[in-house]
Each structure stands twice: as C-alpha cells, then as structure tokens.
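Note that chain A is present in both complexes that follow, paired respectively with chain B and with chain C.
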Partner chain A sequence: MSNNELTRRGLLRTGAVAGAGVALPTIFTASSAAAYTNEPTGGTVTLGFNVPQTGPYADEGNDELLAQQLAVEHLNGEGDGGCLNTFTSKALKGNGILGKKVTFVTGDTQTKSDAARASAKSMIEKDGAIMINGGSSSGVAVAVQGLCQDAGVIFMAGLTHANDTTGKDRKANGFRHFFNAYMSGAALAPVLAKEMGNDRRAYHLTADYNWGWTQEESIVASTEALGWETVNTVKTPLASTDFSSYIAPVLNSGADVLVLNHYGGNMVNSLTNAIQFGLLDKVANGKDFKIVVPLYSELMAAGAGENIKGVLGSMNYNWQLDNEGSRAFVKSFGEKYGKPPSNSAQTCYAQVLLYADACERAGTFNPCGVAEALEGFEFDGLGNGKTLYRAEDHQCFKDVLVVRGAQNPTNAYDTLEIVEITPVEQVMYPPNHPMFGGDEATLGECNPGA
Partner chain B sequence: MLGLDKKDTSLLVIVAILTLLAPFILNPFPSGSAMAQFNAGYPDLMQRFVIFGIFAIGFNILFGLTGYLSFGHAAFLGVGSYSAVWMFKLFSYNVIPAIALSVVVAALFSLLIGYISLRRSGIYFSILTLAFAQMSFALAYSVLSNPKFNLTNGETGLQVYADDPQLFHRDSLPDMPHLFGLSMRSTYHLDIGAWSFDFNAGYYLCAVIMMVMFYLAIRIFRSPFGMMLRAVKSNQQRMNYTGLNPRPYTLAAFVISGMYAGLAGGLMAAMDPLAGAERMQWTASGEVVLMTILGGAGTLIGPVLGAGFIKYFENIFSKINDNILHQWFSFLPDGFEDFMVFIVHPFIGKGWHLTLGIMFMLVVIFLPGGLVEGGQRLGNWLRNRGKGAAEAKTKQEPAE
Partner chain C sequence: MDAILLQILNGLDKGSAYALIALGLTLIFGTLGVVNFAHGALFMIGAFCAVMLQRLLNLSFQTIDESQKDFLGNPLKVDTPYVEAWFGPETGAAIIDWSVPLAILFAIPIMLLIGYVMERGLIKHFYKRPHADQILVTFGLAIVLQEIIKYFFGANPIQTPEPSALRGSLDIGVMIGFEANAIIYPIWRLVYFAFAAVIIGGVFAFLQFTTFGMVVRAGMADRETVGLLGINIDKRFTIMFGIAAGVAGLAGVMYGPLNPPNYHMGMDFLVLSFVVVVVGGMGSLPGAVAAGFLLGILESFASTTWATTTIPGINQIIIYLVAIIILLTRPRGLMGRKGVMEE
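Our next item is the complex of A and B:
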C-alpha cells in the first residue's frame, strides 16, 4: 500500500524540511523597540470598542457603541462637547488625546469569553488599539481584562456587575466604572427595610453562574444583616426560558419576598412567570408579597413591560438623574440618537472620557502612566456625581440608585423611577473584603507590554 | 516522499508552503491603506486558522471517512483546553506537557463517549453526541465551577492566577505559555516598504503541528484502515455480512478525531491561556461541521480551507463598521453614499452571520463538494480553455 523505501535524496529532502520546521520558530524571537504596546506614532490614536453585537446582550452592546462613538466625537471637538464642559478635570481640550485625533475600531464579543478575547486580540495585534472598552457581561470582562493585562494595554470595563471583576480577578491594567453586586446589596438593604420591614422571609432564584452567585451572596449578606431570614436559594440554569417550575414552590415555602438574581432575558422571563402566578397579589405571613430584582437595566425594564410596576432594584445610572453632567450627556445623546442613554451607555461614555483625560494628565499613552493617573482620581461631572477611582482595586465609588418600576409611565423611556440615591459612604467596603478575594487579591504589576 | 505518492506529496508541499508563508500571503495589502481592513496576517487569526484547521482535519477523519456525523466534537476541544490550562496552573507554562495531556485526556473522554454513542448510527448517533456535548457544556459552565469544587471557573473561563502552584516555573521563564523559554507571544515584525508582516512563534508552532497532523491524515486516508472506514460509510450491512465488525474501526476513528480535537484545544490554550466553557457549546460543534462541509467533506485539504473561510468571516467581517463603509463609499455623491452604506450595512459588523449563512447556502447549492469542488472546477476550466471546444465535448464522465 505504501512506499517506505529510503533513498538518499528522499532522506536529504525530509531532513531539510524538518530542519527548517524546527528552526523557524527560533529565528523570530526579536521584539520591537517600542516603549510600550501599540505606542501611537502617527497623528492618530486608536481605541478598541469591544461590545456584544450579537447574542443575548446585543441591545446593550449596540447602545454602548452609540455612546462610545459619541465620546470619540466629543474628544475630537465635534458635536456639542457633551460632558467635556461639565467634567471637573479640564485637561481635555477637544483636540483629540495629547493632540492626536481619536479613531476607533469595533468588534463583536458575542458575550462569549473566547470570542471576546479573539476580537480584543485582533484589535490589539492588527489595528494597534491602545485601550479596550465595553462589554456587557462579567465573564467577558474578566477574560478580556486578563488579556489586556498580558498584552500591556488598558482595559476600561463596560457593564460588569460581579464582585470578581475588581475582586479576586482585579488587574493592574483594568478599571471598572460600573458598580457591583456588593454595592447593590448595600444600597438596597435600607430601602428594603423601610418599605418592607425587618422581619421578612426571602426566597432567592439565582442564575447559575459566577455573577448570579456573587449577587446572591451579597444580597443574602445585606438582608440578613437587616434581620431578614433566607428561606431558600435556588439555582436556575442560565438557558432556562420558563421559570414556572421554580416559581410554584415559592408559594408554599413560607417566604414573603422573592429575590430574582437574574439578568437580561432570564429576568424578563422569571419576573413575567412570577407575575402570572399572581405572587404580587398574595398575602404571606400577614404581609403583602414583594419581588426584588437587585440589578435593573432600562432594556430589561422595557422587556418586562407592565410586570415591573412597583418592583424594586438598583442601577448604576439613570438618565433621569438630575445633575449637570447627566443633563449634558442626556442632551447630546438624545439629540444625536433620539432616545435617552441606558446605564451601560453612560458607563462606556464615561470610561472613554476618563481614559482620555488620564492620558492627558499623565502626558503619555503608556499604560503604567495612565493607570497611575487614574488611581485615586476624584472627579465629578460625568453624570454620576462625585466619584472616586480607588487605587487599591480600580473600582469606582459613587452614589448608587435604588429604582422602582414606574406605576404610571408617561412615555416609553419612563419605565423606572428613582426611589433613593444611596450615598457612596453606605456602599463603601475595604479593598480586602472577603467577598472581593480577601487579603490574597492583588492587582499585580502594571504591564506596559513590549 | 515520506511514503506518499506523487499527488499527495505535492499536496503536502503546497500546504507546507501556504502555512509557512502565511504571514506574507495573508497580508497582501499595505498597512495603512484602506484595504488593510482585509488583511488577516496577525498572530491571533493565523493561529486560529491552523488550530481550527487541525480540528476540522480530525473531524473529517470521522465524518468524511465513516460518514458518522458527530454533533459534539467541541466537547473534546473544550476538554483539551481545560486540561492544558490545568497543566499550566499546576506545573509550568511549558506547552509540550500541556498539549500532551490535552491529547491524552481528549482520547480518554472520546473513548468513553464514543463507546456509548457508537451503539447507534445515523441521526441517533448525532443526537447522542450532541447530548453528551451539551452535558459537558452545562457541567463546565455551572456544575463544576461551584466555589467548593472549582474545576472550570464557569462563565469566566479557567485561567492561570499568580497564586497557582506552578511547581516547575522559574523566574527566568516568561510568564506566558512558552516552548522551553520561547514565549508563544513573541513576534518579529518585518517592515518592507508600506507592508508589514508578523512572524509569531506560537503561530509557527501550530503550523508545524498542523503539517504533521495533515501528513498523518493523509496516511490514514490512504491506509488499509482508511479503506475500512470508507467501507463503513458506503455499506455497513455488507461489511457485517462479510464477517467484519465495524465497531472497532468506527471507535478508533472516533477516538482519533477526538484526539485531533483535544490537540486543537490544547493548542488554543497554549496560544492564549484561558479555557472558556463556550468552546463546548453546540454552536461550536456545529461550526466544525460547517467548516468541513463548506470546505469539502471527505477531501484532505477541504476542512482546512473551510476552517480558514469561517474564521476569516468571523474575525474580519465582524469588524467592519459604518464608519469604514462611509470611507469606502466616500467617492460617491452624498445621497448615493448613504444609500450604499444602507444596502451593505446588514451584511457587515453584527451581520457577519448573515453573510456567512448566504455564502454557506451558495456553496452547498452550487458546489456540493465544497470549496474543493470549486477549485477543481476552476482548474478544469483553466486546463480546458486552451484546448478546442470540440475536444472538451467528446470527453465524457464515466458513469458511476
């Protein structure tokens, strides 16, 4: 069947091919002379916007993309300048970053860690992106943050709510503006106590993955501190679309509050099921039955429609927030796109501006310089009020919004009403908090690459 | 050469030349030009081309030869990735033991799944493999990532942390997967005029492994064992009547292709030390089926072409956005420019799935043999063009 005769010529040929194959990888070991990864040399600087354009969070991703484009416009001095006028740091002049015009490339994370890393890598390796921004999932954020750390570029996280992003997975090159599950719990607890009393019995339905667990852990901790009792915590598979079988046992469990640690489509479905079962009309233990959704977003609220009326939750930002920065941002976003921004859009917008500002103040694009400029940076005027970028874990600290599904929405965007603005002191925690990796969690060394 | 006939040798040489010169071939446009958007010669994508090439070659040994359509091959890829990352976490960043372990673990895993699934054939076999793969995905995504027993790190993906033991790691070695000290990320940039080319160590490791695997696949295709597998595909009943038991052959093919998948998974982890559960999802299993069919099932080079084709669309087309479109059409009058952008918009960026779907339909409808058939038709047309039309007419295909 096969010819295995060894000839002199054949042997030489084989040897040459094999030799070349072995030698090849070792020839190319020289590295380039740049001071750091993707040092911009021309008249432009490239930012990478890595957002989910397909998959379950595509709506959020596209909203983020709109905000990022708006931020680039404002940085380049086009449009009305938006928050550049209200930002307390005046380093940005509307002439790009450090005099270089800002350009951007976009990619699709597909809300999958692998695809997100592939897309971020192509931005870094092919397009020369110096910063990666965006994303709508904690798993993706942690994965891309690790990549950026290794590659030596800055990662400005988009929507990521799990404690781990700035907890046990914190990285020196990664920064999070969005709030986290612990803050949600801390902000919600006092409002829950005020509205529902101190002797409630809670039943948790939790999406069975990393974010769901940290969220459940945080809410359980803060509600039990109030004196609530946790009746049961049930994990639901992420792919579930029908939660009826999980809702039915709630009725007989003796619980009088249902906490839905779900996000996106999961939350819309589980909440709808809960309403269909008439949970909100029930009276348990002599009290009105209540539902809490710890993490809200505008898109979820729109998806759940009527069902969210009166349901409490928390948010990072809401366009109805009345401060100078918020008004400026909502105005320019609304004028350009004809709708108010979502809270993920605001986060990405703020992150791009914060990055640009840090470069200006550091006088360099070197990730180590930028990181140093961001660490411990206090600012205002980007929509969330007074904010601190904490140096120890690269987490932003600012007021957290407790919101409620609007009883009488006047238009399509008025689905949520702000119940309380929880002051930042109340959601503060030490950087070595046990939910955030304890004493073992470290940022590591900043990596400029190259 | 190497026990191959002339045709196969030239095929192997062509593949070798293509893979070794890929950094040049994939970067045909000067960097900085408008067409640079279509360049694919950056390390990550080149690595993906060859890694998914290996995956598809292995899948083709099962599907192309025996006709057994496995819808769960991504499970082996995922298992390979997880074992490689565990090797990094526990011992060292050297890629050789990691890749070896990933192949071994994938072999054991595929032996188990194959032994059970191969009791059925046809659609039942496909469904069984699909069920196993989805089970593995669910295990990796949720069950095996609980805080008490964290084997896969769930949604985030398994990665190496600074406090992992890494018994054989020394400070002199790079903090990256490496081959005896040569980091997989080290890249040599070559600038020639307006062009720039990247030569990446990791890519060349993958490329060399892919050539070896391609050679192995040729040998399997041409061996008596390969003939047996083809016999399984053409008529299993007749094979039974002649007194041959097809089960050991199909199981061997299943395990071999599982090992190929494990190798691909291990290489993926070696290029980028993170293993995500999505690697095992059914969409990933479906992708390799698409790659094989798109390229040409049962052909040697087809799966590699299919893998390249799909990965190119996923990574290049998904990154074209409206701004870039406006640049392209900026020479047109304003209204017409917007119109063109409006027309093209659904097919780029987030619409890359749509473009890929259309391409796939066109290929399956007009070129049932995949891209390889397209190449053959093109070759025949070029060859016959010189000759007279009459001569071409007299040449008839023999009846089957």
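Our next item is the complex of A and C:
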C-alpha cells in the first residue's frame, strides 16, 4: 500500500518536473518560434492584397489596390494620415503596426476561386503574408476565407455581398466590412414602398450563381413583406452578354417592376437592354414601369452611362457621404489619385486599418488575438459612420445607402445620388437568421496556424 | 402568338451578329483554309473603333467654372469638345451624337489595314501548317489583341450609345394589329438587323456578280487550277481576308449600342460563332448565314420563361445541343460540301 502511494507520488513528481522541463523552452521561445503562421520576426510585417488584376473586374481590383496602398502609407506615417485622424480608436500612431513597418505583396484573383486561392496561398507561403485582404466576388471571398482559416491567417474580405460569406460559410478567421444582400433588401424596401407603393408586381432577372440566388431571395422576401407580388424569377447564365430575350417577355408578364439581380458586366448589359426596350417609358397595371438594381458600384454606374438615370439601388459606401471620416478619406484618395474612391476601395481601406488597429489593441499579430480584438468592436471615423463588428458572425453593421442614378450629373463621378441613409437598426438580423445558415452556422475555432 | 413573333424578331436580331461573324470566319476558312480564332478579336476591335472615334470627337479643352465645385471642393473644370467649339454647340453635339454610324467610315480602312497586316505578317506563315497550329497562333493573337485594348481602354464596359433619333423602341404589335405593348422592339436592334442584311447581301453580291468574286469562288473550289491559269489567287485571298476583317469590324461597330463594348466581347462570341460555322457547314457561306439566324432564333426561344421552366437550363445548352444533333444527322453541317476538312 505504502509502496503504491510512494510510487504514485513519485510518478506525479517526476511527471511534473518532466512536464515543466518540456514546457520550459516553449514558454521562453513562444514569441520567437512560430507561435502562429507567418509571425513577423524582423522590422517589417507583410500584408497580402488579393484583388482582380486581370479579367472583367480588373478596374475594380485596381481601385481596391490604390486604396490598400494608401492605407499602408497612412499606417507607416506617410501622406496626410487620412482616416487615422478621424478613426475613433487611437491605437494607430502612424509608425506601422506594433512598431513594424508595413509592406505588402499583391496577388491576382482573376475573379476565379481557384486562381484566388492559389495567389493567396502563394502570398502566405512564399511571401509570409500575415493577413489577406481584397477581392470583388463572393465566390472568391468564400474560397479565400476557407483557405485563410486553414492556413491560420486573418482574412479581411473586400467586396463580397452574398449572405453566405458571413452566413453559412462564416469562419473564425474571416471578417467582412462590406454589407450583404439581406441588408440591401432591408434598406431598399422602405424606399421602394415610399416611391412605388405597396401594390407592385416584380419580375426578377437573376445571375445564376450563389450571389445572385442570395440577393434574389433577400429582395423577394423584403418586397413581399411590403405586399408586392413576385411575378417571376428568371435565372440568367453568368456568361450571358445579351439579355434581350430575357427582357422581351417582361412587359407582357403583368409585372410593373423589373429587379436586376446582376453585377458587373451582366448588370451593365441587362440594364442597357432594358432601357433599349423602353421599359422605363411604359405604363403597366396603370403605374409607371420601374427598374431596381439592388447592388450598385461606381464602376458599374460608369459602364451603364445614362441608362442608370433614376434607377434605385443600394451601396455600402458612396464618396458623397458627408461625415468626418468620409471627407478625410475622399480628400486623401482624391488628392493622390485624382478621382473619388469607389465603395470597394473604401471597404478595403477600412479593412486594412481595422486589422492594423486590432493588432495594436491586441498587442499581437496572433490571428486569435486579432480576431478577439475585432469581435464586438465598435468604431466610427472610417467613412460609414458608427459601425459594429458583430462577434457572432464577423459581419459589420452600419447604415446602408440607398442611391439613385443621377438625373443631371455635373461630372464623370457624379453618377449616383444618395436617396436615403437607412439606419443600421433597420438592417440588423439575428446571427442565426435562416438566410445566414440558421442555427447550424458557426464560426468554428480560431486557427493561429503554424 | 405575339410572344412567338417577339422571340422570332429577337432571334433574327441575335442571329444577325452570329451570321456576320460566322460569314467572316467562313470567308477566311473557305479562301485561305485557316481556322481563325482571332476573328472574335476583330469584332471587338471594330466595336472599339466606335469607342476611339467617340473619344476623338470628345477631345476637349478645359475652362474653369468658379461657380461649380468638383468632388474635392476645387473650382470645376468644364470640358468643351473641340467639335462643339468649331462647328457650334448644336452641330458639334449632333456630330458626337451620330458617332456610331460615323464610325463605320472610320472603321472600314482601319479594319482592312488590320486584316491585311494580320494576314501578311502572321497568318500567311501558317497556311501549310496543321489546323491545330493555326488555332493556337490565332488564339494567342486574340489574347494579345484583347490585352492591348484593355491596356488602353481598361476592363470596364464603355457606352457607345446610338444616335438619340434612333433611341427607344417601336410598338410593332400595334402596327400589325396586336394590342399595345404586345410586341415592343428597340429601334437600334431593327437597324442592326437591317444593317446585317445589307452587309450579308453585299458580300454575296460581290462574290456572285463581280469578276473578282468569280475568281475568288473559283479559287475556293479549286485553288491549284486557278493558279495554273496564271491568276494570282493568293493576292485575291489576302484581299478577302481584309474584307472578312472588315465585316467583323462593322458588325462590332454597330453592336456597341446594343451592349457596351468591353475588351472581352470577342471571346464571348468566338465559340458561338464556330458552332455556327460548324452547324452551317465548314466553308459554306449560305450555311454560315442560315445557321447564324437559326441558332439565334433557337437561343431566343430557349430563353423564354416557358422553355426554362419546362427544361431548366435549356437556355444555356440549346446551341450546343443543336450542334450535336446536326453533326450526328448531317456530319458536314447544314450546307457543308464534301471534302472540306476531310482530307
């Protein structure tokens, strides 16, 4: 008995000493050996900007890249400081991130999921990027977010509007500043009711891929809640270039509103075709025929030219937004590049600053520390007004802009006018909303990698 | 009935673009025996001729308007096009408004020149090479051409609107006894169809009723014998390449108002146009035109709500489905000749 007791104590003692011995080197070297993926060891920290540099969204990608470069300049104390002067968090001092000079590498997503994953992987593995930011498609965002989760780096999404990014495909290492399709529907609905009434019949043309489906679902839900009837929902192939055969039957369908759930080149062409068919000049069911484009961007507006006059849509941000942060960003971007920023540029700029600020507040580049600092973070001064990074799904909540194609633009950038700034309360939803994966959707565990 | 008429009209219009591109492809294949994958790029360059002319006509001088502010709060720089300063605001604005039709005149010499340079500079070196080599080199050329356009004009679509007099739509239904709004069709799409008919008719007339065309047709049938008669058939075929490039270019110029040009638009049409050529029959000019219109109409019908709800996805596969059926039942295509690509 006593022998047994002695043996057990001896065993425990020996185990404790051995355990401490094994743990000791790790404790002392945790900050220098790879405690997490791409832990910066020198005087610099590398960010990876993954944007479309070729393909149909190259112009949008270029705008994102300009904003990301501007953010890096501001973080390193160069230029006029931009939103560092207006950001409510004062952790950033213009001396890099945690005293390390910020450098960056770029990748080309080509707006293709596989290419985007390959370029992100290369930036993480070869260039040592500790965070990936950018992109202009939800397919790309979901793919790269999954990769970053597995690799153990933070993903700060660029332009991605599908509900799934922070819905059923949400990840602990991924964060979205951009708004989503549900928010577009929720923001647009009251304005649609005010301008078009509650007795309308809508015809949807929807790009046949994930983003199109979630947008259609969101807009149908919010307009039917107003009392609108959905006459038809027609899926159009993503590769379509001419939509005349889809537009031609609209007038005879009994609809009096056409909703174009299209983005980029699809939207430019479908709206151009709809205007050619004279839909906006027609009267249906005794009402003026209307067109709605739920998601706008400045580049699409420029591509659509005069066709967008009077057409309602929504945006994450517009350079005409009049608040302190917006003014500082537009001044900084405009003076450097000679044009106002697009909403994809603004979201990337804000994401880079938010990441850097979270590192400063967390006191580490460890993705789990950074994620914790971002979760539930409330801020202002980056252009969108008061914003919350919700902890449960890593989605930013802020006011949403309802915009309309300008009737009398005075210059090339004056293509859209702000109709209403929908308060954030109107676009909030529970994290387990059925459109966002319901109760089954979870962030999973943060992965520091290494 | 009105819905059927509407889709036939729409199909004829869609088919116009297919027929014009396929006609050029067949001209090149029939004369030079080259499978030209850069033909879509020629269509795209044609559309960008309209963009270029629009930019030239909009070249402006700037004046400062102190009463207005730009986005940074500085006095607004107002652009006034030189043509408005030279010809007066109304005439200048009218010239700019008609830039797309004017671009036809601008595009013809440019496209002929591009066609000539392409054929003499690159393609002639591949006449005796296998078709696979021709496809590779012309596909590479197409990528180079579209990247050049992207470098100068960006990736975003650029509007080249139709003249305001030809904007809007016609209620064709009312004209033929239907109710109002039953058959509405855009004016410019009708213009495009008429334009395509004139070009196609012109090419056929040129080949049928001129001595030059007769020699070219003879060369298409038996190149060696025509050569033995002392006729420089190569020179005539080079000119035909230029004409084919011109047809593709003009199709592109007039297409701009339908869907704003972007650097990728040629690739969007390329595969479809080859399907049209194969369905029509390799080397057959009437076959290419007939197949262009036929597939345009079928595609239009396949996109109707009735079709997509009856057979989901039919709109995405109809053209390829028809191509498979035609090739299984008529391996040489609708009007293909024996011996073409069969040696």
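One rule holds in what follows: the second predicted complex is superposed on the first by the 417 of 450 C-alpha atoms of A that agree within 3 Å, B and C clash if a C-alpha of one lies under 4 Å from a C-alpha of the other, contacts with A are read in each partner's own complex, and residues count from 1 in each chain.
Everything below uses one rule, namely that a residue touches a chain if its C-beta (ideal position, glycine included) is under 8 Å from a C-beta of that chain, and two chains touch if they have at least 3 such contacts.
Fair warning: this is a prediction, and the values are worked out from it, not measured in the lab.
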Partner chain in contact with A:Gly43 - chain B first, chain C second, else both or neither: neither
Which superposed partner A:Gly363 touches (first chain B, second chain C, both, neither): neither
Partner chain in contact with A:Pro237 - chain B first, chain C second, else both or neither: both
Touching partner for A:Ala115 - first (chain B), second (chain C), both, neither: first
Partner chain(s) touched by A:Phe277 [first = chain B, second = chain C, both, neither]: second
Dominant toucher of chain A (residue count), chain B or chain C: B
Contacts of A:Ala58 with chain B and chain C, given as first, second, both or neither: both
Which superposed partner A:Gly438 touches (first chain B, second chain C, both, neither): neither
First (chain B), second (chain C), both or neither touched by A:Asp164: first
Touching partner for A:Leu299 - first (chain B), second (chain C), both, neither: second
Residues of chain A that lie at the interface with chain B and also at the interface with chain C: 58, 235, 237
Partner chain B, residues of chain A touching it in the complex: 1-4, 10, 13-14, 17, 20-22, 24-32, 53-54, 58, 62, 104-108, 112-115, 117-119, 121-123, 125-127, 137-139, 142-143, 146-147, 150, 164, 169, 208-211, 213, 235, 237-238, 440, 442, 444
Contact footprint of chain C on chain A as seen in their complex: 55-59, 232, 234-237, 239, 241-242, 244-246, 248-249, 251-253, 265, 268-269, 272-273, 276-278, 281-282, 284, 299, 302-307, 319-320, 330-331, 334-335, 340, 410-411, 413-414
Footprint of chain A on chain B - complex, ascending: 1-5, 16, 20, 39, 42-45, 48, 138, 141-142, 145-147, 153-157, 159, 162-163, 176, 179, 182, 185-189, 198-201, 204-205, 208, 211, 219, 222-224, 272, 274, 276, 278-279, 314-315, 318-319, 321, 323, 349-350, 352-353
Complex interface listing, chain C residues touching chain A: 2-3, 6-7, 10-11, 13-14, 68, 70-72, 76, 150, 154-159, 161, 167-169, 181-182, 184-186, 188-189, 257-260, 262, 264-265, 268-269, 299-300, 303-305, 308, 315-316
